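Some structures to go through are shown next.
Each of the next two complexes has chain A plus one other chain: chain B in the first, chain C in the second.
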Partner chain A sequence: MFSLKETKRSALISLWFMFLTFPVLVIKVDAIEQTVYWRWENMLYIGLGSFILSIFGKIFFERQKSRRERQIAEKIEKHSLIQRALRDPKYLYPLGAAFFLFAVTYPYLFSTYQINVMTTALMYVVLGLGLNIVVGVAGLLDLGYVAFYLVGAYSYGLLNMHFGLGFWTVLPIGALLAALLGILLGFPVLRLRGDYLAIVTLAFGEIIRLIMENWNDFSQGPSGISNIPRPGLLGFDLTLDQAITYLYYLMIVMVLVTIFVVNRLQNSRLGRAWVALREDEIACQAMGIDKTKTKLTAFALGATWAGMVGVIFAAKTTFINPASFTFLESAIILAIVVLGGMGSILGVILGAVILILLPEYLRALSDYRMLAFGAIMVSMMVFRPQGLISNVRRHYHYRPKKEQQK
Partner chain B sequence: MDYFVELFFSGLTRGSIYALIALGYTMVYGIIGLINFAHGEIYMIGAFTSFIVATVLSIYGFPLLAIVVLAGFAAIIWSSAYGYTVEKLAYKPLRHAPRLSPLISAIGMSIFLQNYILLAQTSDFLAFPELIPDLDFMEPYAHVVGTTDLVILATTAISMLALTLLIKFTRIGKAMRATSQDRTMAMLVGINVDRVISMTFIIGSALAAIGGMLIASHIGQINFMIGFIAGIKAFTAAVLGGIGSIPGAVLGGFVLGLTESFATGYVSSDYEDVFAFGLLVLILLFKPSGLLGKADIQKV
Partner chain C sequence: MLELHKVHSYYGNIQALKGVSLKINEGEIISLIGANGAGKSTTLMSVCGIVSPRSGKISFEGRSIHQLPADQIVTLGISQVPEGRHIFPHLSVRENLDMGAFLRTDKDGIKRDLDYVFSLFPILAERSGQAGGNLSGGEQQMLAMSRALMARPKLLLLDEPSMGLAPLIIQQIFDIIKKINQEQNTTIFLVEQNAYQALQISDRGYVIENGHITLAQDASELMQNPAVQKAYLGI
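On to the complex of A and B.
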């Protein structure tokens, strides 16, 4: 199957990578003890690994190319199995019911630790869905999403510390504050073009974190806020295990609400305006869509979810400090959206579950977590830009009246 | 007065490093219109390579001059190789994709490279060996400007002169200018655009490597995260000067370096990074084309 030329090419690639990684991977120096360690085995791994990967990459590209050509030739729109299953109520309802049953019985089947992990994953689902509005649907690359998350968490922490406000009071306040910040940040920056917008949002996110870190009188600086109370349930005293289970159910409700709202939004007038804006800004303006208003709503609505999850995060961990809100966090949420498929709700859920749960269960590989995140972002863009589950746009068919009456 | 002069020189030193990195951003942006997010990481890899090579050579007892030259060369060679490979892997397949795709790919590459260094080397701060000895004739001024500052300024000046000559007078420089003006037209007149793009990445990475080695020997310690902040600041410098403009990147670097140095010296050192980010936000809001850049008009 492989010609000599192909093999030679792959061999050259693996030689190149062996050269490339030589100083960093092979040599390790200890300047204090004045010793050098030579790790030649790493070179062998890199050589073999890049050889195999280059062959697979080549095969993948060839197959993708031929498939695309065939699709163009036959003029068919192919949908994957999952997408077809989702369209058909015959499969959709039992599937949904099974998932719901699993979600409800989960706390009875697994340990407290597992529930905690699942709650975290659900939080990322909501965060991903929120960012999905901004990045996936409206096409505004927001790299400072974590700032809104921070605002939610700190509004609970601070309001509780100073005024003794409870979880349920702060939940809407946190969401509102985050949305307000979204609008405040949005106003000036939304005039900017795509890539500039990305950098400015990144800078804003970092500025807010740095302020929290240095403004000791306001936010208690790097030491953070501790002893934040967990959410209460109608005045009952909950044990720790019960509180965790309660939080889990809270998150399930939250996810369901988010999915409902986001789904309705996507097919609304506003949602279609977002998509239009993403596809072509100038054409969209020419159609009479208010560009600024549409962008601002995307920003504010995305921020709202982050604010709410922020409040829940503060309640879950009972301790917050600025270190939880670095750029890396934004990047993880972005990776979830990119992996799942930009604009696709189910994709984002799948992305969050894969990216948050897998590293949790593959503890041995957890060091490689961020490395894998980076690699996933690059390879998704190169090999499958539409994500794991691509967003299928709703089609509107014209049906003559007669047919409907039948 | 001494304090002012000291801040001024420290600002110039910082500024020249920012300028060296900013050149890479601005050149790449000028040619393919991409913010190369991974550029800060290339700079970090340059610092690490020179650290490793310098330490190995000093353990094997090489003379100081040989260590400096060889470590510098190694940093330039490997950084360029990384820059070239990153372009081939993460950006080239996406040349005709929507605008956000290469940007996301670049962010992914940046995260990947940071963690690659973290896993391959260490997460600790490493003490960078002192490569530049204090010169005797600098002794009377040592309280305001160190020898390393002087070496950094001189090296930056030489690198920039070389870059200007390369772009103005060589064939590849001419091809680069043509490609940045109009890529399709450049292709039509027979310029190998792929090669020009690769060359741009190589040159930008080499400059970043020089910056990495210089700043590491100036500050005295390195870490796998240094590329992130330096990258954003250098990007700020590039935008400040007008992205796509080479003299603009240099000017922007110096303006940013001086602003930061005076702001931390006279206002507060806690908010060092906030000043740079704030400056970036302000420029993008009020003068997105920068000091020397051309206004960007979008046509249908």
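On to the complex of A and C.
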């Protein structure tokens, strides 16, 4: 069933792994007693493990290949179970209702800590959906997305400190400022694509953060802004627990609004222009699409969501400083989009929940958290590069007139 | 209909067009032939605004267009099929065609034009759900042309429609170009390496060399011209 050649290949792989891990896993130097331990048994485990894994990997790839060939031969349009369920209202509505019920009752079922964690996850859902407009739909790789998030957070912090503006006043202002900054970033990068765009946006994100870190008179530097008030509810004084629950419901509403808007945007004229821009710029111009306007709206609309979540973030933590807006943050949001599936709304939601909640619940294994994170990312990109839930756009099929009359 | 007057175009410091003048009347098929790097594609790109000319004038139906951005030129009724086809690879055939009608809002008209391009290229109707990138080269060329037609242009610019295609398919494509010209009264400006095929369906032809127009004659006369025969027709 398994040819000699394959076995030999796997054996070679395991040998290679044993060699690579030899210095780390076999040799152990005790510097105090000046002795060296040789842990040969580790080498054996590594060899066996990698041998078995490589055989499984090979079988997996073979099966996937043959399945793909069969699909092409039989012209089957393959959709995953989730996608089929989403298409069919018979499953979609009960599923949606169940999720909604769960989301509404969540604060009554779990502790304050859990609510807080879930609020954070929901914030990343919105951030992911916002970045999805820029990266997933319009195809502009933005590594400085966190800059807009920062602008939102600081606009609440600063406007509240200096002018005493409340949460609800600043929410649209923060969104607007972030959108303006998005357009400002958009102008110089209009001519850039791909790698170059990624580098410029990365630098942009860092510049904004460094300004906030060093311009003490304006932003209070690394010490940040504290005592930012939580959002009020019609003038009632809320206890801490109530405020957390309130924020949670606020985020639920926010997520629903975002999903609605992003969904409408994707199926709109503008959404189609974004997709065309992602696919081919020259053809996009030949279709009469204004490239400048399309790119700028993508940046601005993506940034808007980050600005709003930024305001909410400031209100949630009541303290902000530049350390919350490092490149890692951008990378995580980007990972959410890529892991979930570029362009797919449900994928992004799932990606955010996995990437934010998993590390939280795996605190017991915190030493290995980053290791697992890396392993998941690598295996995702190898086995499912299109993301957890790939985006399936609506399909239209052409039927000649005669058939329609039947 | 379209008139170029002493157009000079540059890529950075390199001058590609050195005073190109030509005129296209309504309902004509005009071909522009020339060797590699003579400035054929640059002429087309200057017309549709992707390379804006540094000096000279381009006017379309009496309106000067050389300062307009590319997307606004399309709204005037000039549609181009870019060199190398440039279809949207991940969109389906149907979605590609919908993108072609991006600027239009008349649903019935779009539907009629969709039926029309599917009657021109029945293979596209069969493939309407497939991704554009999965089509063969010839089918992609057909898709690119259909997509340009979906904008219902007055003037259709075709950049090397025969590039990389089998002789049989080339013949088919040129027949359809002729058909579009006759049935829709679309003016066609054709840029071609395949001079023989292009001149056969054209009314008039221009020869471009090193950024200059060197010959402008009726297509049949050009085909008889010994210099053209030697240089471009391989006779």
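Going forward, the second predicted complex is superposed on the first by the 334 of 406 C-alpha atoms of A that agree within 3 Å, B and C clash if a C-alpha of one lies under 4 Å from a C-alpha of the other, contacts with A are read in each partner's own complex, and residues count from 1 in each chain.
By definition in this document, a contact is a pair of C-beta atoms (placed from the backbone, for glycine too) under 8 Å apart; a residue touches a chain by one contact, two chains touch by 3 or more.
Everything numeric in this text was worked out from a predicted model, so none of it was measured.
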### Query
Of the partners chain B and chain C, which touch A:Leu256 in the superposed model: first, second, both, neither?
neither
### Query
Touching A:Ile282, do we find chain B (first), chain C (second), both, or neither?
both
#### Entry: Which superposed partner A:Asp290 touches (first chain B, second chain C, both, neither)
second
### Task
Identify the partner contact of A:Leu371: answer first if only chain B is touched, second if only chain C is, both if each is, neither if none is.
first
### Task
Using the superposition on chain A described above, determine whether A:Ala273 touches chain B (first), chain C (second), both, or neither.
second
### Message
Residues of chain A that sit at the chain B interface in one complex and at the chain C interface in the other, please.
### Response
282
### Query
Taking the complex as given, what residues does chain C use to touch chain A?
48, 50, 69-72, 74-75, 79-82, 86-92, 94-95, 98-100, 102-103, 114-115, 118, 125, 128-129, 147-148, 151
### Query
Quick one: in the complex, what on chain B touches chain A?
34-35, 45, 48-49, 51-53, 55-56, 59, 74, 78, 81-82, 85, 89-90, 93-94, 97-105, 107-121, 126-127, 129, 228, 232, 235, 239, 270-271, 273-274, 277-278, 280-281, 284-285, 288, 296, 298, 300
### Message
Help me check something: in the complex, which residues belonging to chain A touch chain C?
### Response
77, 269, 272-273, 275-276, 279-280, 282-283, 285-292, 393, 395-398, 400-401
### Task
Enumerate the contact residues on chain A facing chain B in the complex.
16-17, 19-21, 23-25, 27-29, 31-32, 34-36, 42, 135, 139, 141, 143, 188-189, 191-196, 198-200, 202-204, 206-207, 210-211, 214, 282, 327-328, 331, 334-335, 338, 367-368, 370-371, 373-378, 381-382, 385
